[in-house]
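First chain A sits with chain B, and in the next complex the same chain sits with chain C.
Right after this comes the complex of A and B.
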């Protein structure tokens, strides 16, 4: 076992090709707010999330299906639909995705940074109980 | 409006560029190599680009980054890093017979980050048995 570990360590010392890294920074965390429609909460009425992704070559960026993370007791979360939309811009390009409850992804071109603006929307046909609602979207750079 | 936002981002990157060079969240993001045994290891650098101390989880995953990888481990699966610092971790995984090579993913994500977004950086790493060709 010790020999194996030593071999692994030896191989780790071999030169590796210079490959890219990736930073994902949440610049602004979003806030959901009420809209004119009592069955919809949206960050477009509140504060969108802004994420800055940098330090890479042609990264693949994916947005997981958004999920409801917290809600007040008594709220029927099973009837709620959570969706996300995004707008991404980088030096020589951009990408946009409309509201979707599924995973969305895009590949950015070479650039110093990708600025990603993310909006979340929760729709509940029965309306919302008073309290705090939070959503979560996983954004991956790979 | 979009251009303005992007220019702000560029300025932000320019302002933090010196620190960012040493503060990648995950580097390299892809690598491959051979191994004489059925275990392959890679040394990765995990960094904290945030302006405060953060704890990160380093998670071996299957290549789709959805499922935890079996027979894979990280020497420091949880790291607490000062702002703009980085630390090396070693991920090891078995290449189980009859396979001659295996690719795993590694994802780094903040632990207990509050907010609406969970930022994650994921890379893929391929180990090949020595003499297996390719």
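Right after this comes the complex of A and C.
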């Protein structure tokens, strides 16, 4: 009886917690570099981003549409296409997504962690002006 | 047996949280434009003695080879007379025109801007002239325009 009361009090005393089905543990920034084709700036020529996501129970992972966040003045950003591709592995499975300018998602299997390798690329038919470029992709899981 | 049921109920009622992070990629583009192998021009005097120009007889235009790997802008500064013999009174007008990767068929004294896309090695041929209705004294004259690609 005392044990039952204690458990009930414990449960009542705790607010209903949001159950963290997954967490983004680590993410590294990527580096874009020019390819042999001067109309493409890609992390495949530079450094891809690596994201580690924890999740036991089939976490649903989504990648937002990649965006061009900054560019040098004078660059015709309206003609540029930004795309992302990914490769994900977990304990007993994997998932791959080719280059897309839209959102992408997948559900990982049961495991301790998902390692996601993300590439971004920017294609500009008129080439790139000298300066710094930044792209961004939002990774979320639930 | 009832206690585990309560615990299971509470866990089942908990709402799943969404975790999110932004992943950033950065890149720097440089050296997308090269100006190579400039050859100077030669200006000679017109028959009436009022024009010193590279398109006069025995004159020679200047040539610059341009390579562009991106969306660049080539700028030719307004032409200027940078040296002349002592005793020269001045009063001249310095003009240029060009052809090749872009065309300015008539002489102009103002700065020129040429938008470039992706361009293989291409020549820009520049003619220069100094016009002075009062003529020129003997000696060497130098006129220039500065090319900038950015």
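Simple rule for what comes next: the second predicted complex is superposed on the first by the 117 of 142 C-alpha atoms of A that agree within 3 Å, B and C clash if a C-alpha of one lies under 4 Å from a C-alpha of the other, contacts with A are read in each partner's own complex, and residues count from 1 in each chain.
Heads up, the rule we're going with is that a residue touches a chain if its C-beta (ideal position, glycine included) is under 8 Å from a C-beta of that chain, and two chains touch if they have at least 3 such contacts.
Note that the structure is predicted; figures quoted are calculated from it, not measured.
Visitor: Quick one: is A:94 in contact with chain B, with chain C, with both, or with neither? Answer first, second, both or neither.
Guide: In the superposition, A:94 touches chain B alone.
Visitor: Pick one for A:124: touches chain B only (first), chain C only (second), both, or neither.
Guide: Second partner only.
Visitor: After lining up the shared chain so the two structures overlap, which partner does A:75 touch, if you call chain B first and chain C second: first, second, both or neither?
Guide: Only chain C is touched by A:75; chain B is not.
Visitor: Applying the touch criterion given at the start, work out whether A:133 contacts chain B, chain C, both or neither, answering first, second, both or neither.
Guide: It touches chain C, and chain B stays clear.
Visitor: Give one of first, second, both or neither to describe whether A:115 is in contact with chain B, with chain C, with both, or with none.
Guide: The answer is first: A:115 touches chain B but not chain C.
Visitor: In the overlay, answer first, second, both or neither for which of chain B and chain C A:52 touches.
Guide: In the superposition, A:52 contacts chain B only.
Visitor: Between chain B and chain C, which residues of chain A are contacted by each of them?
Guide: 4, 7-8, 11, 16-24, 27, 29-32, 43, 49, 51, 118, 120, 134-142
Visitor: Going by the contact rule set out above, which residues of chain A touch chain B in the complex?
Guide: Chain A reaches chain B through residues 4, 7-9, 11-12, 14, 16-27, 29-32, 43, 49-52, 54-56, 59, 87, 89-91, 94, 112-115, 117-118, 120, 134-142.
Visitor: Can you list the residues on chain C that touch chain A in the complex?
Guide: 2-3, 6-7, 10-11, 13-33, 68-73, 117-118, 150
Visitor: With touch defined as at the start, can you tell me which chain B residues reach chain A in the complex?
Guide: So the residues of chain B touching chain A come out as 2-3, 5-6, 8-10, 12-13, 20, 23-31, 33-37, 39-43, 45, 47, 49-50, 65, 90, 92, 105, 107, 109, 113-124.
Visitor: Under the touch definition given earlier, write down the residues of chain A that touch chain C in their complex.
Guide: 3-4, 7-8, 11, 16-24, 27, 29-34, 38-39, 41, 43, 46, 49, 51, 53, 69, 72, 74-76, 118, 120, 122, 124, 126-142
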